[in-house]
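A, B and C label the chains in the order they appear, each numbered from 1.
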Amino acid sequence: MTVSGPAGAPTLQPQLRRTALRGLAGMDRLATVGAVLLALIVLAALLAPLIAPYPDDGGSATHPLEALLPPSGAHWFGTDQVGRDVLSRVLYGARTSLLIAVAVLVIAGVVGVVLGVVAGYAGGWVRDVIMRVTDVFLAFPALLLSLALAVVLQPSVTTVIVAIAVTWWPWYARLTASVAASVSTRGFVDSARCLGVPAPVIVFRHVLPNSLTPVLVQLSLDGGGVILTAAALSYLGLGAHEPTSEWGLMVQQGQSLFTTDWWVVTCPGVAILITAFAFNVLGEGLRARLAR
Amino acid sequence: MLRYLTRRLGQAVLVVAGVVILTFVIMRLVPGDPAVAYAGPRASPAELAAARARFGLNDSLPVQLWSYVRDLLGGDWGTSLHTRRPVRDDLFQAFPASLELVGAALVVAIVVGIPLGIAAARYKGKLPDLSIRISSMLAVSVPVFWLALALQTLFASGLGWFPVAGEYDANLDATSPLHVYTNITAVDALFTGNWPILGSTLAHLVLPALVIAAYPAGVIAQMTRAALIEESSRDHARLERALGFGETAVLTRFALRPALNPVLSLIALVFAYSIVNGFLVEAVFNWPGLGRYAADSIRSLDTPAIAGVTLLVAILYVVANLAVDLVQGVIDPRVRSR
Amino acid sequence: MIRIRNLAVRIGDRLIASVPELDVAAGECVAIVGESGSGKTTTLLATLGLVEGAAVSGEIRVGDVDVLTAAPADLLRIRGSRAALVMQSPQAALNPTMRLGTLMRRALARHGVKGGEARSRADEAVAAVLLDPAILRRYPHQVSGGQAQRFAIALALALGAEVILADEPTSALDVTVQAEVVAVLRRLRDERGLAVLFVSHDLALVSTIADRVVVMKEGAVVECGRADAVFTRPSDAYTRELIAAVPRLPGHSGERPGEEET
């Protein structure tokens, strides 16, 4: 199988040795747009307490008298069913989404890379066992396994992170294993082995650093998928709960109001769309740039 | 080839075995006592004990796993706690409905995605290409549940062009009852000549199918474009140009065929993905498929039902992957020796 | 048949091929020799307007059509029917998903030849390159490199091309098969008066077919003239180097090149 990411992205060539940063230089305009968008979103998330017009509305504040006001100068994105400023909640929601994305990618990345590099270096039955376990987890669609796990673990942001990470690591394990297997056949690994360097040192000092690049690029490609899955879980009520600002949750809470008070659902929905779009075009541009 | 086939099949069987075990483990972790869920909160201790014995909850875990596997192989997928029917029967009813929806969506996605991919490759780097790339990126980035809500609000509740929810108008069951053969309503209605139900089903299909089609259409367009661009830069494309064929002819009459190979693999994989993605859409449009069944099961902590859905979809994934690998093995001799 | 004047192909500021003057007459074989990167393939492709991502200036005529100013439809029409390409890598040049006969039929239909006329032309062309007609039912991976190259020549014949542009047509083949392919080209030149523009880095091979030779280096023509003159009395130092590197050639051994058949 040649599909390497949940979004169906074709696999990177293992011999890629350039860094992601160098790739940024010659990207096409669309990817640049993605990078700028993403930078703005990260900035918005970091500065939410400073730039949100009503910082308290990111949390549990309620203003029943100002419920469901349409967009205006005072509330650019209107207010929600308990009178909170939707713009402020969308800004705080960026924090939740990015936090989930980063946490999932770090956890899944570390687990996947470690298992993958061990499988790739060891080969033989160790590789077979790890790869079959990986296949089992890959056979579970991310959303479905997350659903089952979210039921088991009780709804919360942590649950979402754990549930998605559990379904995401196999992609990185598989990718790293194939890269590490080819790295392990190179001369410097052989010489290290002949010199009697212990296997763990070879694996983590020599094979691992030389197998990372494709995974790092794949991680940047997957941010959009993680954010969409997290939003879906929250929408199903299996993730963040009140009063946390979370885009999927905001859509769920406002869905009955779509006909009458469109802004309550539209603003968080568009926020998810733009963030996933920014990740996807940026990742796509990086890959195209590095594949050259 | 035979060796490749058997090895690949063996791997698939191993993966399915792993899937069964993992499903079993997750179901053991579900909070709440299945016996209570089945017998009801006011059940007497005797009834509870009977329910326990019935589900084999008193046995050790390995014994439970063994009897679980034995039952599965024997076609017994357990009894749903919330419908009180065999899970297998429930799945036989719900899966065709999901298949109908996702099938319709994939037809739309292929019909839209491949021509868009061709157009983008034909005008690479120009305005049509840019706009197709942007729209396909938007299509894969849109949260399905939100798109479902938006289209439902706009075209069903708002403009009234399409029905809001359901698979077909239930009143038709009285006036023109449907004879069920495949459980795929549109197919049954078509082959029994039940035009009112067919029309109603198609009208109900439009919005949810469009929503589910967004993601596959986007990735198919992207993959078609990439594969065509690669194929049209190969030597044979140069020869075809040198034979007097224009760019469009080179793309559609020569490059498309070899380029479709990766696209077909993608479609098989995206099919399994779309079944699950469709869960969210089924929830919004109240479509009587696997998604709604799964949602109901999760809400009532219906362990056997959740396990059944999980297992079915996971097996679907394994089969889709297997099909892709085998087809590629037939086409490309190099794959076989991997 | 081919007339090139002041051809210059540029990518950005870089001149990748520059040919002041090159003519190929009917019944004549002109070879362009040089190392890879010398601009010889670029010159060949420019003849059909097939150079991509580069600016081409000067004058190129194939028959009475000016390639650089022709309307796109006219350019497409002369490709194949006037001048046909034979490429370096035999199998990669053929679409892997298409039977050779399908390619032949489509190419003929593209130039307005259909039905029984197409069939008889295909059979005649395949026979002319000494292939079994059964080859038309095969896929590219089912034929040998030599067969694939002869099929490419058959395509040109079937389409009625007067010029064959051969881009290293034998470098991917082994020696005996090379000789076969060259023999076919030589025979067609002599019997049918085809013009052949032959690009190669293999001087020994070139000496067996070329009437005239153009030597290119780093995008520029360093020497041109009659084949025997170039091989026996090279005027350019680079040409002498090339010839000295080939043991079978006259500049080295003092013998006449293998041109006895012309």
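Methods note: contacts are C-beta pairs under 8 Å (C-beta built on N, C-alpha and C of every residue); 3 or more make two chains touch, one makes a residue touch a chain.
Chains and their UniProt names: A = Cytochrome c550; B = Peptide ABC transporter permease.
Remember, it's a predicted structure, so these values are computed and weren't measured experimentally.
Shown here, the protein chains touch in a chain-like sequence that does not close on itself.
The chain pair sharing the most C-beta contacts is A-B. For this pair, chain A (Cytochrome c550) with chain C, the centres built from the Cα atoms lie 54 Å apart. If you average the CA atoms of chain A (Cytochrome c550) and of chain B, the two centres end up 23 Å from each other. Interface of chain B with chain A (Cytochrome c550) (complex): residues 11, 14-16, 18-19, 22, 26, 29-31, 130, 133-134, 137-138, 140-146, 149-150, 152-153, 157-158, 219, 222-223, 226, 262, 265-266, 269-270, 272-273, 275-277, 279-280, 283, 294-295, 298, 301, 306, 309-310, 313-315, 317-318, 321, 324-325. The part of chain B that touches chain C in the complex is made up of residues 234-236, 238-246, 249, 253-254, 257-258. In the complex of the two chains, the chain C residues touching chain B come out as 48, 50, 72, 76-81, 84-85, 87-89, 92-98, 106-107, 110-111, 152, 155, 159, 165.
Chain A (Cytochrome c550) meets chain B in the complex at residues 1-3, 6-8, 10, 30, 132-133, 135-141, 143-145, 147-149, 151-152, 154, 224, 228, 231-232, 235-236, 248, 251, 255, 258-259, 262, 265-266, 268-269, 272-273, 276-277, 279-281, 284.
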